[in-house]
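Provided herewith is a single structure, encoded as structure tokens, for subsequent inquiry.
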Amino acid sequence: MSLPPPFSLIRELVVRALAEDLAEGDVTTDALFPAAVPARGTIVAEEPEGLVVAGLAVAVEVFAQVDPALKCTLSLKDGDRAANGIVILTVRGDGRSMLRAERAALNFLQRLSGIATLTAKFCNAVKGYHVKIVDTRKTTPGMRALEKWAVTLGGGTNHRQSLGDGVLIKDNHLALSAGTGSAATSHHVAQACRLARERAPHRLKIEVESSTLEDVRAAIEGKADMILLDNMDVPTIRRAVDLVKGRALIEVSGGVTLANVREIAAAGPDLISIGALTHSAPAANLSMDIVPVRRRRSHTR
Amino acid sequence: MSLPPPFSLIRELVVRALAEDLAEGDVTTDALFPAAVPARGTIVAEEPEGLVVAGLAVAVEVFAQVDPALKCTLSLKDGDRAANGIVILTVRGDGRSMLRAERAALNFLQRLSGIATLTAKFCNAVKGYHVKIVDTRKTTPGMRALEKWAVTLGGGTNHRQSLGDGVLIKDNHLALSAGTGSAATSHHVAQACRLARERAPHRLKIEVESSTLEDVRAAIEGKADMILLDNMDVPTIRRAVDLVKGRALIEVSGGVTLANVREIAAAGPDLISIGALTHSAPAANLSMDIVPVRRRRSHTR
Amino acid sequence: MSLPPPFSLIRELVVRALAEDLAEGDVTTDALFPAAVPARGTIVAEEPEGLVVAGLAVAVEVFAQVDPALKCTLSLKDGDRAANGIVILTVRGDGRSMLRAERAALNFLQRLSGIATLTAKFCNAVKGYHVKIVDTRKTTPGMRALEKWAVTLGGGTNHRQSLGDGVLIKDNHLALSAGTGSAATSHHVAQACRLARERAPHRLKIEVESSTLEDVRAAIEGKADMILLDNMDVPTIRRAVDLVKGRALIEVSGGVTLANVREIAAAGPDLISIGALTHSAPAANLSMDIVPVRRRRSHTR
Amino acid sequence: MSLPPPFSLIRELVVRALAEDLAEGDVTTDALFPAAVPARGTIVAEEPEGLVVAGLAVAVEVFAQVDPALKCTLSLKDGDRAANGIVILTVRGDGRSMLRAERAALNFLQRLSGIATLTAKFCNAVKGYHVKIVDTRKTTPGMRALEKWAVTLGGGTNHRQSLGDGVLIKDNHLALSAGTGSAATSHHVAQACRLARERAPHRLKIEVESSTLEDVRAAIEGKADMILLDNMDVPTIRRAVDLVKGRALIEVSGGVTLANVREIAAAGPDLISIGALTHSAPAANLSMDIVPVRRRRSHTR
Amino acid sequence: MSLPPPFSLIRELVVRALAEDLAEGDVTTDALFPAAVPARGTIVAEEPEGLVVAGLAVAVEVFAQVDPALKCTLSLKDGDRAANGIVILTVRGDGRSMLRAERAALNFLQRLSGIATLTAKFCNAVKGYHVKIVDTRKTTPGMRALEKWAVTLGGGTNHRQSLGDGVLIKDNHLALSAGTGSAATSHHVAQACRLARERAPHRLKIEVESSTLEDVRAAIEGKADMILLDNMDVPTIRRAVDLVKGRALIEVSGGVTLANVREIAAAGPDLISIGALTHSAPAANLSMDIVPVRRRRSHTR
Amino acid sequence: MSLPPPFSLIRELVVRALAEDLAEGDVTTDALFPAAVPARGTIVAEEPEGLVVAGLAVAVEVFAQVDPALKCTLSLKDGDRAANGIVILTVRGDGRSMLRAERAALNFLQRLSGIATLTAKFCNAVKGYHVKIVDTRKTTPGMRALEKWAVTLGGGTNHRQSLGDGVLIKDNHLALSAGTGSAATSHHVAQACRLARERAPHRLKIEVESSTLEDVRAAIEGKADMILLDNMDVPTIRRAVDLVKGRALIEVSGGVTLANVREIAAAGPDLISIGALTHSAPAANLSMDIVPVRRRRSHTR
């Protein structure tokens, strides 16, 4: 499980989220409460089957930016599983500040916990097989680092973070290398692998997309380190695994669902990548309750 | 249907998306293609039931930022419906630049079209009833303006954009106004409405959340302009509508799905708000094909 | 009186202000004082008739950004009235840091207190009448949130914060809706109100500008929630009030001065909006004195 | 007359201004006009005594950022004088875009033209004397470069832009250098000048504030290049000028108004600095009219 | 040779560079030239042994941001070798704009060309050996993407761009994994390799630092993909190469100079990494000449 | 010795540096250490002849941004000389955070200390002569304030920070003022000085570049405050000094090295400016060691 993204990134994302929600103030709270209201707020998991918590570090920063005097206490930590009804985070201070921070904090928590929870479901579905569930670059613009962190909190593994940190030769690369008037063939697969090995940064493995078994053979011939099987059915995946015989890592991609992921895992690939982890995970249900508390005598500034 | 957000906001969001994906370059494309490759790229809708296009203005900016020499042609415009297999956008120029821009452009288009398409499904489901489908503030941090624009492209209506542009007294406000040791009652509903009317900006209507019919009565007594019925069942919604008799707009919220939205609409509310429009819309399926083309003699610089 | 804008906005504005003043250092202070000079600085009100303090939260952030070791003590709080000669804020620490921070801190305080003080004068001038003094969007680019906050500190009320949070149909909208070759008439006023009610966000009231009594009648017919009387003389305002009979809020705008505002208030409008509150308020006079103090034995790091 | 600030600064300021006004869209225009409305907008001077135009470069950028398809034509250029009723700028294109851009464009133009116009009044008032009207660092946070540019457009001269580009030893510097328990004397004035000459960047002149003639003598003794006479009455200024005999430039500051500036100029200083040029200039009155035009056949994309 | 970093990154870096140099205007040019001066500027290589050009894309953006009316013509392209005295870039337009842009444009070109030129010297020194010259993460803060691009223009290869795109187990990692009170041994080298292979992103090769031949053996045992020989002398490098027998890539690092790089290359490593490429490359000498030209009749706006 | 740049600038530069290095996380550290590792890190000087420390304020901010729980202790302060092997800074806390921060902290320290150390060498070389070593605007884009601060820490003096804070008439200004078809002569030197004195900000001295003794005479005639002798040999510099007789400050520029700077100083100029201080200073050698420590019982939150 990876460390969270650097604090300065989190801070910047929170600045933007609050700019969206609070740049014109909070007209409701301002109208109702002219003075501070000592209060306690609790963020509670509301998913019948539980959820995997992700984003607490961000939520805490939301409260701090809205009002540095708010105090947060965490009952769980990022990556923990929260049963339905469990309190995850408690915040104390001026209730008006909580009302201003509530939506932004929940928006981060719900999206990230949604991703972590969906990832955990996929990981759970393939339990027992030696296969990794990996994400893709199909993330929300501006949120990639957080979303990929959430994937790891759910037990998943990160594929490329950007076009700069992994060589992946895809169908469009092959089409361009084939030239005008002719489709890409297995010949181009092998050739592209060789070119990449020659010219790409030495620290990166070479991965190539294959849509047929002939492509897979060419990839092996081109000494690819990893082969992406794109949208193959399970029997073909199995034959590809047999064909490769461990000479390259095999990644399966395309059309993977909770319903078919275990069957795919059984076919023997090393990795299964799923765009939906980040582009279509439903938000996890979390809510915040704010109640007034008796004012305490305070020794603080 | 609203105009897109201001161009400078779109530009900034694209800058951030490209920073995520391209800050370390594109090692694959750099390795394979040392020189420009004249090409044509097409973005194609891949949803069996079609989709509502949203985000073309953003995708065009992605291509422009990656390479100002790329030329985009639009076959459809934002808000149009695209049948399965339809080409939405064509781009011409150096294929290497398309490979660099592809993912960022698709990430915007898929998320926004996903939201517009889901919104359109809800609007379609209530066809014939005089009710508006509205969004919430449950948006992706940093993407609110774009996501709310997508909702309007799907035929929906925007609720508050921020805490500054609408008065909405929610359960947490009522709890705080009740004070320590006692739950909020209908009395607090009426009183909060009066306070808000007195002190909130005059240009805004007053909306209050009600969880019982007693609350609804109190809201009317407090002269609320709008009443949010929170998580009520359909018979109760119907009785609330009868009770209000047009003296306030009625918004229904909580637990709305494509399965029950028509039944809710039949109960007679003015608005139905749905957080899932923005927080849980699955990405629309769109793909990009890039093929090499014959180099044209060019008169340009 | 509203809460200050979110802290992250204040911080960002202070970053920019210091970038303008300190990016190349402080050549005078650097030349004169090679080592720290323990000192006490005081910010003092220098307006014969007193002033309304606005911007302390910002000034404190200026000192903190220049030197986190400076300690500020506030004698008054934002929104308080300061008599001539009164100390508002005291800062202790290295005098060199105060010399660097002085101008930026005063620039914020003087502008914001100037706005709050002018607003308070207008509010005072209409005392006894049930009318609100409201601002406009005629603010300094980049400073809107702070300037509108200052208006509320002076006792005023905020009109729209942006084009997104209030419907206000103005003369230019009417001209465009009239089409080429013909001026806008009362007919267009009523029609525009109806269109806006149909299509604008439901949470917002509809306001329309009227320059004649005929327009006012049309606005009522179009069921406007608010009517902006533009540049009308007092007798006409009075007739408009009679005509409307409480069916809409009436806002008076244009040519309002401290000399005539009471007479206008007597005519019975609900709101009087004044662009000068933000675009032409003279800076409040505030000064900072810095004196050396004996070095204290310190237990701090 | 100086060139405008670098384009990238102007662009950034416009981005921020539009973020304030348009981040949530323009609900009025969106509601009234579902399709483009070909129109012509004109910005007109509305000051009985005319005004000095400042900020056209910024206004043009506002229109470009809102809608790159808008075309601006300038009838005057920055620094020109505009008589009452004169059209300064004409814009053609979609009227909806003009409605969105209008307020931001006017906010820049009104503030900057207000500063240029007030500066021109002061310059005019001292016509015939060999004295320069100069500004101060009492500018609006974030707007310094634009405001100082406006001063030059009105015929004024810029004093320091920041603490880094001029040595100015002020009363607070002298107080700190005197040490605890004793007030600063002329002795400290001379000593500070010598220190600054020794240690400050060689490319900068040394200026020192003097509040008595004794201080002026000490400044000459310390070989100051410039002497700031702070809040002196006119006879004392005259005696200071006699005393200095051209060995240093003399700047007068404090309490300068249009009523007394000519008398001060007659006393013979080289420079008169006026904080009000930037901190209290009333906005110049400018308005924008938008009218629909017949749609032209267009050959453009 | 890689494509330049994305245009939006270049634009942002130029914005910052101009903010440093031009935020307070150009007092010299403003004073001397009140009107435009048609001119031609040329940027010329001034290195007796020639230089490798890097940064033209950035210099062109500098001129565009200062004045969009300036026209640039390139005689060479990034990566080309420029002999002493050769004109690299010609710019036409207002000479005042060139004076404002000159220093910023040269600062980018000189640093980047300095890096490219030094890299080319190292590449040249090892000509004939199958070894790559690679950079490190020892770059100027904020300039990494540009500096790494310059390395490729000089013929070098990029090592890691960030901590996220390559696994490199260094001495400090080994020390931490050894625990308190005991130094890291070869045992820790092998163990760390195994852990990394198990847990690090699958798309990345595993590289480990080795300071002894024993470590090298352990790295092979741990199935490292790459071994970094840190500060070894040439005979030891040779023995390490023999020992590894192609089972991993070998990178040499530490103390590499133009004087010894060929001898190191002869020892047979796959890669030689050199921090000085980016952290200590002297600026390449380039100058700009600006001469007035006759005003041309212009057809432009 | 000047104070460091304002904290907000330092913070922003650190944000950017960490964005480059950590935006995709630290895959190595994440893979090896799933839990916190209590550790102590030390930054050590590794220059045989010692170095001048510069940038500690920045390094401390790097550690704070990566992990606010890290505690830094400084053994030296900015501007101090560090002998070979001396510990400069010690940091305590989670070793994983140190591994993430190490490179960014060192990159700042090495560049800035490199500049301070080189400056100190030049200052030392001219010891005994009354001459200042000054920098130029040939700085790394984005790093100017830090690099110029490093120059002062090494004992040097800052020349212009930007085009806005000093008048320096250079060869290109003279060429433009000469007009088409004729080279600039001494006549233009004198004339440009007069123009600048008339029109440039009064607070700035006038400096002019001279390449011949005739130019020097013209500069004196034009009453220049400072004369820049460009690329003159030592005998000519001596004659220029004799000629000027203290009527202006003399700055020598061009071709200055550690080998010839003392001879130049002996010729009697007031200032010697050296671009290499900032554009070609080699990085100072500093390293960081991280060792695990026994976990302490902790009383902190």
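Chains here go by letter, A, B, C, D, E and F, matching the order in which they are written, and residues are numbered from 1 within each.
Operating definition for what follows: contacts are C-beta pairs under 8 Å (C-beta built on N, C-alpha and C of every residue); 3 or more make two chains touch, one makes a residue touch a chain.
If you're wondering where the values come from, they're calculated on a predicted model, not measured in any experiment.
**Student:** Compute the centre of every chain as the mean of its C-alpha atoms, then state which one is farthest from the centre of chain C.
**Tutor:** Ranked by distance of C-alpha centres from chain C, the top chain is E.
**Student:** Residue numbers at the chain D-chain E interface: does the shared fraction exceed half, giving same, or fall under half, giving different?
**Tutor:** Different-residue interface.
**Student:** Determine the centre-to-centre distance between chain A and chain E, using the mean Cα coordinates as centres, and give it in whole Å.
**Tutor:** So the centre of chain A lies 32 Å away from the centre of chain E.
**Student:** If you average the CA atoms of chain B and of chain F, how many Å lie between those two points?
**Tutor:** 50
**Student:** Mind checking the centre-to-centre distance between chain C and chain F? Centres are C-alpha means, answer in whole Å.
**Tutor:** 43
**Student:** Among the residues of chain C, which are close enough to touch at least two other chains?
**Tutor:** Touching at least two other chains: 14, 20, 22-26, 29-30, 96, 100, 145, 161-162, 164-168, 201, 204.
**Student:** What residues of chain F sit close enough to touch chain E in their complex?
**Tutor:** Against chain E, the touching part of chain F is residues 13-14, 16-17, 20-33, 37, 39, 95-96, 98-100, 102-104, 106-108, 110-111, 114, 137-145, 161-170, 172-173, 175-180, 192, 195-196, 198-201, 204, 275-276, 279-280, 282-283, 288-294.
**Student:** Can you name the residues of chain F that touch chain A in the complex?
**Tutor:** For chain F paired with chain A, touching residues are 14-15, 18-19, 22-26, 29-30, 34, 65-68, 96, 100.
**Student:** If we count contacts the way the header does, which residues on chain E are in touch with chain B in the complex?
**Tutor:** 1-3, 5-9, 12, 145, 149, 161-162, 165
**Student:** Given the complex with chain B, which residues does chain C contribute to the contact?
**Tutor:** Spelled out, the residues of chain C in touch with chain B are 132, 134, 157-162, 164-168, 201-205, 207, 226, 249, 270-271.
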